[in-house]
Amino acid sequence: MVKKARIGILGASGYTGAELVRLGLRHPQFELAVLTADRKAGQAMADVFPQFAPFSLPKLVSVDGLDWRAQALDLVFCALPHATTQLVVSDLLDAAPATRVVDLSADFRLSDPAAYEQWYGHPHQALALQSEAVYGLTEIYRKEVKAARLVANPGCYTSAAELPLIPLLKRKAIEPDAIIIDAKSGMTGAGRSAKEATLFSEVSEGFNAYGVAHHRHMAELDQEFSKAAGQDVIATFTPHLLPINRGILATIYVKLRKDKTARDLRTILAEQYDGEPFVHMLRYGDMPHTRHVRGSNMVMIGVVADRRDGQAIIVSVLDNLVKGASGQAIQNANLMLGFPETAGLEQIALFP
Amino acid sequence: MVKKARIGILGASGYTGAELVRLGLRHPQFELAVLTADRKAGQAMADVFPQFAPFSLPKLVSVDGLDWRAQALDLVFCALPHATTQLVVSDLLDAAPATRVVDLSADFRLSDPAAYEQWYGHPHQALALQSEAVYGLTEIYRKEVKAARLVANPGCYTSAAELPLIPLLKRKAIEPDAIIIDAKSGMTGAGRSAKEATLFSEVSEGFNAYGVAHHRHMAELDQEFSKAAGQDVIATFTPHLLPINRGILATIYVKLRKDKTARDLRTILAEQYDGEPFVHMLRYGDMPHTRHVRGSNMVMIGVVADRRDGQAIIVSVLDNLVKGASGQAIQNANLMLGFPETAGLEQIALFP
Amino acid sequence: MVKKARIGILGASGYTGAELVRLGLRHPQFELAVLTADRKAGQAMADVFPQFAPFSLPKLVSVDGLDWRAQALDLVFCALPHATTQLVVSDLLDAAPATRVVDLSADFRLSDPAAYEQWYGHPHQALALQSEAVYGLTEIYRKEVKAARLVANPGCYTSAAELPLIPLLKRKAIEPDAIIIDAKSGMTGAGRSAKEATLFSEVSEGFNAYGVAHHRHMAELDQEFSKAAGQDVIATFTPHLLPINRGILATIYVKLRKDKTARDLRTILAEQYDGEPFVHMLRYGDMPHTRHVRGSNMVMIGVVADRRDGQAIIVSVLDNLVKGASGQAIQNANLMLGFPETAGLEQIALFP
Amino acid sequence: MVKKARIGILGASGYTGAELVRLGLRHPQFELAVLTADRKAGQAMADVFPQFAPFSLPKLVSVDGLDWRAQALDLVFCALPHATTQLVVSDLLDAAPATRVVDLSADFRLSDPAAYEQWYGHPHQALALQSEAVYGLTEIYRKEVKAARLVANPGCYTSAAELPLIPLLKRKAIEPDAIIIDAKSGMTGAGRSAKEATLFSEVSEGFNAYGVAHHRHMAELDQEFSKAAGQDVIATFTPHLLPINRGILATIYVKLRKDKTARDLRTILAEQYDGEPFVHMLRYGDMPHTRHVRGSNMVMIGVVADRRDGQAIIVSVLDNLVKGASGQAIQNANLMLGFPETAGLEQIALFP
């Protein structure tokens, strides 16, 4: 019989929490032992997300009263809001230092305390953990993730941009100072808290840009692109809101280095991601749709030359709740726990 | 090592065909050996449904050239249009009588040749098979399905109505002559052929009834309700089109038999479906949402008393492509092949 | 030059308020003099609804500080929440008794104080006004509306059901004790306040019933149907939420009186609504779509016989924000102010 | 009494045709005298677009049998497919040379016969008319439109890009060789013909780029941008499909000329469009939504500096069926017929 890992999910009443439960319930080696949701503590998960009514799950509890040592969790997924996360994870790892943590917030993504303070407006409260944390873009940092105790799961927008761009920057195939990322996200990225701007009637049948020129995911892009390029990189990044539930599409405009062609870019990416279970390179010139990755942990990437000489266009798609959040988190957890990397993540996209 | 069944899917380029592939690819005991699609023969499945690009699948072939005997398929899912189906299945079973067939069309659902001719406007072309076929609403006909060679998978609307109503009619809890089924379906039920009426711009941001008072699913309802009640039953049935991809919701108005209450109806259904893996009874008074079964093989049913004395309201939901078509078909196939009934069908609803 | 009426809109930051502004700005005889929105007082209307940025409008003010006498408004549209409305309207009419009021809340719809108390859980605070108020379903109460100082604009669901049913009850064409109204509404009916249940990701790609067997619009239906039938009428009414912004569709099941046919029902309605600018009877057997009335003040009604003898199906559609709320309110205002009934309401449905 | 112009609409059964009817029916000086629709000739407009059922309109006729001289139309809107248009307009103007024509196809947009042949794959069939035609972006070519007999209405994507960029190129505020236009369009832009790719179930809940690096609207952009800049300009242009009915949003990335700032760009545009009834400049840093122009003839434009030095981001929105097609066409027609430019176009956006 398979030995199962005891898993905790903090923030189970949000969308990324529910997605962890959806995938975790069918993971062959997960035992969902603890689910927290502060404002909904005491309720059944089925009261909060009725799709789970047919299944057996622990009751929602508050994160406050938890005895981490007694729970003896093998791994905790932390899907709490930014800023509170760093305090909770500190407490958890103080009490139960052997527990592994995959954090889905932004709290541990920036390794530079100064950058964190600049973008988030306050000093980091857990500097040692910030320095310990591994950035969890698995395809790029697989080795580090395997050895990590604390993994900072990347942002959804950033994953869509970094997977195609990091290898191209590393291989010096594109100019680092002329990257434009026009990104579009489904509404689940905005979370489940009730706001006028995310009401159905405000969103449906419309489209808009937001956070133009000052979105926090830029800090993550700066960090990873600069690291890959070996020099400071500042990319243009414009997020937009799509009237769909799931899906991110990034249309990326790049300037080719001399002697490089758009086909070269595709070749570099195809080599990089050959054998990767969750990254699929389309044929040269084909362009991906968000609907073809919906509900799955897959990323699809297309490359084509622009009609302007020396320019190429790259389009990547992923499901913001899966490869952009909870699926990516489980992929990391599988590595950290020594499970097969694809365990629990083999669902095929739900289309139509 | 698990022995796998060799599976054929006829009509793989339609939505129910694609759904059979989605679920079949992850079925632990299925080998997808043959995929047919006449107009797209020669293409890869990934050209027709790009979500399958990362996976290995046989090329699409025409059903015409197939040597059924040589293929030695254990089971064939037939997702072809009405009327052509009966000819194809006849040929198939003549050539390969040991192959089992689950037919997703309406061709074998009506056991009465006269009823078939009345509703479909022409005599049935395979009368022996029509009489052999078992109606595949698993929870009602499990025993017959297990022994069947040819199963007629029920319609999506009819499944949503029959699962709550057949037990109530059998137990004489409701009046058989006062049933009103107000049903609403997502657009995938209309299939993938290009028609003006199903274009995005014709459907989005709107709602309408159609086929009022003369929809073909009525014939199926008549047959099953009459059988359950032991007398002729004609129900009122009004289908509507929802601007969503997946989901059927049936709002059913029933008149209680003397001495029966709405709570009695819930009790009867809860007893009937106790232990069923794919039917979930909500608490009395709770009402189901289509979104909580999206992508899953689950049916959810709610019951409440109307404010008019002696009346009750029952609401049932299912995903028309899963429990309303391809999931139901796999559930039947599992029984016919001696596999666990839930194999390949354990995905949890994708919400949000 | 046209003499314009000075108009106030209370609650301009909600959807029905915005719709009054949209239509009112283009009304040839309206001067939008006062716009209130308590929580947004001090802001420009364009900050709250950016579509109005190109137009000149008064700043939003609080209803509290208003000097009704000094404002000398000819007519006030009151689009405030239930219960607060009755207090505001009392104050207004005390201070400025010559001002006319069209109230879009439910506060003055029920003429019976006991019924109000039963459905709303507290005694009415303005009994004299409650008895003065005229129920503003224009096509039924045109004469009374013309003479009224205070009009209670009907609910959106109730308008969709009452326009087809009141004439049939009056003419004794249908049985009053067997009416079933299965109603579906777009999301703008739920208003603009931020609630989890009306977030895009909770609503999109799904469908559900709500308030089954206990929705407050039932009280209005009881009142009007009983009045029309000359006896107590309790109808079955089930509301559902559609993932669209605008539109109500009511599928109505009725039992024909002896010697009546479904075609008779259509004839009665066609006679009743002959010459009405905002009610359009479809040909017998045709069924209306919500999209064909979107943004317009039109109601469309279809009638057909059910396949069960003695039963008929009626389907009506309207835009819940126009004929179901703000357009209906302007239609009443036009009569109260002596303007052409169609002034400002001549927009044709926006489809696609 | 107002003298009305006799108007013809060719291609009334398409979406732009229906939009011309919607707006034209309420135009104070239009008499809709002739409506053509070849495949639907003989039908009522209400059979094709039921929203027009309550209104009086001429029956649909075939364009083939029309006696242009006898019809004595003042102006014809031509909403026919590309390529057939040039033949129809030739015939029309031969027979009735005094009739004015606003053509909504691409046939007369390119003034250079070689460019036409290159992009459309065949020589132009009406070279004299091609050279006579005036490009109908009213705000830029108002004087020429007033005097024109034949106006080529611009494309929807191109209007969204040209209105912000032409003034900036003319004033040499931006570099002409570094323009990137990431454009997103609602589905009505794809027209009403039945295609698999535009079915609801293919489009809903998804997003994708298409025609990357080779869309025909590029030819129009090249022509107008080069003219404005006084040098050859080739812009990067990527169209995407939004799961909404109406709306185009263009996110435009530009490189500032030395000594220019993003605020300068806004100032130039604000000066250019000061007093224009259909172009609204947002405050610096604000970004427009498609929903705030839905159903209206308005364009809204926002400008902000990018965080990369020397770069700015401009976002423009319009309704592709109104300012992107039929509203723009009526605006041109008004000028050509000496009517007020805003006649029939004063509707305010329908939001929510």
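Each chain carries a letter (A, B, C and D) given by its place in the written order, and its residues are counted from 1.
Throughout what follows, a contact is a pair of C-beta atoms (placed from the backbone, for glycine too) under 8 Å apart; a residue touches a chain by one contact, two chains touch by 3 or more.
Going by UniProt, the chains are A, B, C, D = N-acetyl-gamma-glutamyl-phosphate reductase.
Here the structure is a predicted model, which means the values were calculated and not measured.
Undergrad: Going by the touch criterion stated earlier, list every chain that contacts subunit B and also contacts subunit C.
TA: In this structure, the chains that contact subunit C and also subunit B are A, D.
Undergrad: Consider the two chain pairs A-D and B-D; indicate the one with the greater count of contacting C-beta pairs.
TA: A-D
Undergrad: Can you check how far apart subunit B and subunit D are, centre to centre, with Cα atoms defining each centre and the answer in Å?
TA: 46
Undergrad: With centres defined as the mean C-alpha position, give me the subunit C-subunit D separation in Å.
TA: Distance between chain centres: 36 Å.
Undergrad: Taking the mean of the CA coordinates per chain, how far is subunit A from subunit D in Å?
TA: 40
Undergrad: Got the subunit C residues that touch at least 2 other chains?
TA: Each of 15, 188, 201-202, 204-205, 243-246, 288-289, 291, 294, 351-352 in subunit C touches at least two other chains.
Undergrad: Line, ring, star, complete or other: which describes how these chains touch one another?
TA: Graph shape, chains as nodes and touching pairs as edges: complete.
Undergrad: Show me the residue ranges of subunit A that touch subunit C in the complex, using the header's touch definition.
TA: On the subunit A side, the touching residues are 15, 187-188, 190, 192-196, 198-205, 243-245.
Undergrad: Quick check on the complex: what are the subunit A residues that touch subunit B?
TA: Of all residues in subunit A, those touching subunit B are 15, 18, 22, 25-26, 49-55, 188, 204-205, 245-246, 280, 282, 288-289, 291-296, 298, 300, 321, 346-352.
Undergrad: In the complex of these two chains, what residues of subunit A are touching subunit D?
TA: Result: residues 177, 180, 182, 184, 201-202, 204-210, 212-214, 218, 234-236, 238, 240, 242-247, 249, 251, 253, 287-291, 294, 304-308, 311, 313, 315, 317, 351-352 of subunit A touch subunit D.
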